[in-house]
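Two complexes, one shared chain (subunit A), two partners (subunit B, subunit C).
Up next is the complex of A and B:
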């Protein structure tokens, strides 16, 4: 199944491959189908289809100089490149490029941890360093800092943050791109640029002040295609002395509003780490009367059923980092605020541990309430355990409808906004004749980003049909949901390559002025359009005709 | 007494193969003297009696057991990540599908892939459906003995005698479900090895 980059002849491609081999060594250039197997997205809805997004080749540089040489060759032959770190961004496309036939630049060999400073709390890493690698480095050197890790932790800080990935500890650190500080980039013309204080030679604060001087282009590289990042700095959370948890339960549906208001206050004062919201009525899911009430958003009936079953309507798990005393005080303060806002709120102490937790403490919850927290990530410990979900592979394609197929949309950060989003998502499901997996009335958001709520929707669109036609229909369904969501103000924060044009389409203010702005910059900075064309819906002139081509 | 695993490993030589992993360390080749693959570990999911039994039998053949309860984090972090950074080595296992998925994905970074894969369905009406893809001799060995008792021992024997460089076949068949075999989700037996350890599939 050998393919060529679009618009490139076999002769040109062969010449480019020879130059790639000269640049990185022949053993690090891959062109055979077997060698390119790891660079396919095995979760793709168009897997094995004629338009599957697969590369024509992959190259593995191990230095910035080699990356520069690869970029120069790509410019010479007008070959689109697609850079990956560890290539494990599954369900968001993994290693697959936006343009079929691109050459994948696999940065895994650039895997040095350049510096970790546990007095000034930062790290500087190369793209091939995974969260597990960085964690191991920190442990091996006895440093008192944490990584804020996504789940699973086999991705890289650079790759994850550049795709606006998130974590689970204190607010500032959960926004992985926001927590970056300084980067080094190979530009489309092959030059090296450093952002922030890195633009000042001999700077002593590259990983401490990210703005530098003047306009800061760092944002162009987040979900962007303006260069290949070869180094990136990150602020790291100091290792706390103690970790404490507690749960707040509220009886009535409308109590969610003051509950969220109070949690927001605690979050933005940096008193709590990530809150974990949950609905208390899931034990009633097998009850037809409950489901009917939930599907009808019948608040009176829901409150009555909650009371009859002696269940709370909502709960939030709070976590506190600090000393034993400060975490206790903060928990007491949180309870005081909650009680003022919701006199009928109940509280349960969770756990209280000296940090670092032991493996046994991480693996087993001893809370007196049902906890939804995945504990390793609250401790900055990267893991692989989340793959308890059936995982798609070539041999088990039927698992695809049970994993990460859905959308994560930004909603407002309030109880009212949650209620509105529940109704809006239910209405979209009904309008498109695509039933939700569960009643939207019991949905809760995630607070991955400190100042934003994200809520999932569109799951279960596959309906178990794993045929090529079924997958095509599922992708079409997702596109319809994206379009409908945009009409009522919900946009997605991340997407796999095959949906990036559709998500970009949502951000249509003033005739897509944001996209037009980015593409004006793209054409100026990357005139041949060789760096990840199409990423996040930003298409260079040379490939603009491909916009929407996967629909 | 030299066991089979020691004999095979004594034939191991280091050399760069044509498809090295994208880690700092190139792939590993085995000396041509070896005809069967030496497994470094047998990964088993201790939640399933069948997996435990296979690992026990493999241990008698000199293959080190590597226990997991489904979450592979500790196995990866404490053992495989460190070992494969030095020298990628072949391993076999009996796990759930997620367990295989995680290891298969990580192995790809080290120039390795699954060269044998067996899906063993949930016992139904006293029968288990199997779908095996791998070296013809291994698959034939398992299929030939499909009516014989002690399937865990037979599977361990076949996996620890996996031939190198053999062409792959796929076969499906059923076996009677032994009383001790009661898994409630499909289990997967597998071997992960450097790519050259399997012949190119047709």
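Up next is the complex of A and C:
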């Protein structure tokens, strides 16, 4: 079944496709159902439904000039475009557009690593370069830099950072958009713009000073729809000489507060990489008494049960990058600070390895405690090992997680904020009659972003009813959760197109002034509204009536 | 003295030999290209390495182990049934948690190369298995 862009006739569409073919070569324009199948979201909640977000065509430019030609044609015929880099943003919509019938601009063929500098520690890449590609380039050229990679490494630094993706090494590098330095963008009118020092034609520091001079619009392109990014620079972490880990265990529930305070201090002094928090009471999950105490947030009872079982309430695994001596000194310093803040804290040395680790060292933990740390990513080694998560398993040999989705709220970076979020999420769970998979009282945060925590609500939505009705109900439930979370101050950082209007609704301060500001800019910069209309809830005038249409 | 017929036969043989060699080179080259493509695009999930988070195998390999329970090899490089049409079906449509792959990622020509590589790698695996007995 052929799909047309909204408001575009078959004749206009055919004319546009002819121009796309002239621009990129006929073999790189795809219009048949068979060819377009891989441009659908494999994990869509509305798969095969009349409103599924399917493109009308896909074009695969190989150069910035070809991207310009595609954008100009789209403007001529008022066809919405949706740009993808490697198209692997699964759990957040994959390659699917926000508007059914958009033309997907598939940038995968633009896959050149333009520069990696291991003296000044940066890279400049095109959108089709994946994390795995960049890692292999660095290895093949013997360069002494690391890639801070998200869990699945088939995504691209450009696509991931533009969707505010995260990683797992030192704080500065974990915020992938924050660690970008300079970008090149094809604007909605087809012009090429460079940000930061790239705006200075003879600049020799494009990847070293991202602010340039004057207002910096780079942020508009993160989760934005103001242009198509064709090059982007990234700061890279120098390859350290040594990696060391250690665990801190604290006995009481309230110890989480000074524990987090101390970890924050170490993090912001750039002494530790990503801390991995854990709850020590999970062995008691089968115990009804424990579950009752946890569900009631009965701290006295929880502490008593922890003591009786000789378990610690919380733990955090710390990791140190540096030399053998500096990592040892930093671990000693961390223990000293922790002991000052929490005299009853216990410590266990983890691992201590020369970098780069061997495959064997990476693949198997030798810590004397149960480690939650995911090892490849702490070493900046991208891969697809995480894909066990949505795949067949011994427990589910004939099923896969068809509704794999990522929804995480931002939480203040303190023990108090964690406790408050646990209670708030439990209350939301009760109000919506959606039981959490585990007592919220044992939830721990992740510190992907250096300066904030991220937590999910704990609902078990994956591997549920995968009938069309079941998926529709699951989507409705997610919308209720997002709305309820927002009422008590929690907003999400990222979402698939299906839920982007709902997340944008959360950010409603002063009658949605932020969204109105963005849409005023959108209408001025992209008067035909052709670049990714609806992305992150920012709708151009031409498509504004579609806001909320997926609900 | 070489007769015209002998000469013709010799030339025909030479042409045939050259053709065979050229065909062999092309086949070898397709398998080599397929190997490179396999290592780039397939091996991160379907390779022979150890998986993450305590999993003994990479996710694609482990999923096929669970699916086939020994009736077929878990490793794609040991499979003898992965012709280009079979590969194309899986690559373009996906299967379970494996999403489909676009032509900008894996071209139809790449699929032919992958099939050529897997035909060779499965033979090599079978020979290794024979030697191991």
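As a working rule, the second predicted complex is superposed on the first by the 530 of 551 C-alpha atoms of A that agree within 3 Å, B and C clash if a C-alpha of one lies under 4 Å from a C-alpha of the other, contacts with A are read in each partner's own complex, and residues count from 1 in each chain.
By our rule, a contact is a pair of C-beta atoms (placed from the backbone, for glycine too) under 8 Å apart; a residue touches a chain by one contact, two chains touch by 3 or more.
Note that the structure is a prediction, hence the values are computed from the model and not measured.
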Three-chain arrangement built on subunit A, subunit B and subunit C clash or fit: clash
When both partners are placed on the shared chain, which of subunit B and subunit C touches more of subunit A: C
Partner chain in contact with A:132 - subunit B first, subunit C second, else both or neither: both
Subunit B versus subunit C as contact partner of A:387, first or second or both or neither: both
First (subunit B), second (subunit C), both or neither touched by A:202: neither
Which of subunit B and subunit C A:108 touches, first, second, both or neither: both
Touched partner set for A:35, first subunit B, second subunit C, both or neither: both
Touched partner set for A:375, first subunit B, second subunit C, both or neither: second
Shared contact residues on subunit A - subunit B and subunit C: 28, 30, 34-35, 37-38, 60, 86, 88, 106, 108-109, 128, 132, 154, 359, 363, 376, 383-385, 387-388, 390-393
Subunit B to subunit A touching residues, read off their complex: 16, 18-20, 22-24, 26, 70-74, 76-77, 81, 97-102, 104-106, 108-109, 113, 117, 119, 133, 195, 200
Residues of subunit C touching subunit A in the complex: 40, 44-45, 49-53, 55, 58-60, 62-63, 66-67, 92-94, 96-97, 99-105
Sites on subunit A touched by subunit C in the complex: 28, 30, 34-35, 37-40, 42-43, 58, 60, 86-88, 90, 94-95, 106, 108-109, 128, 132, 153-154, 359, 363-364, 374-376, 383-388, 390-394, 397, 400-401, 404
Residues of subunit A touching subunit B in the complex: 27-28, 30, 34-35, 37-38, 60, 86, 88, 106, 108-109, 111, 128, 132, 136, 154, 359, 363, 376, 382-385, 387-393, 395-396, 399
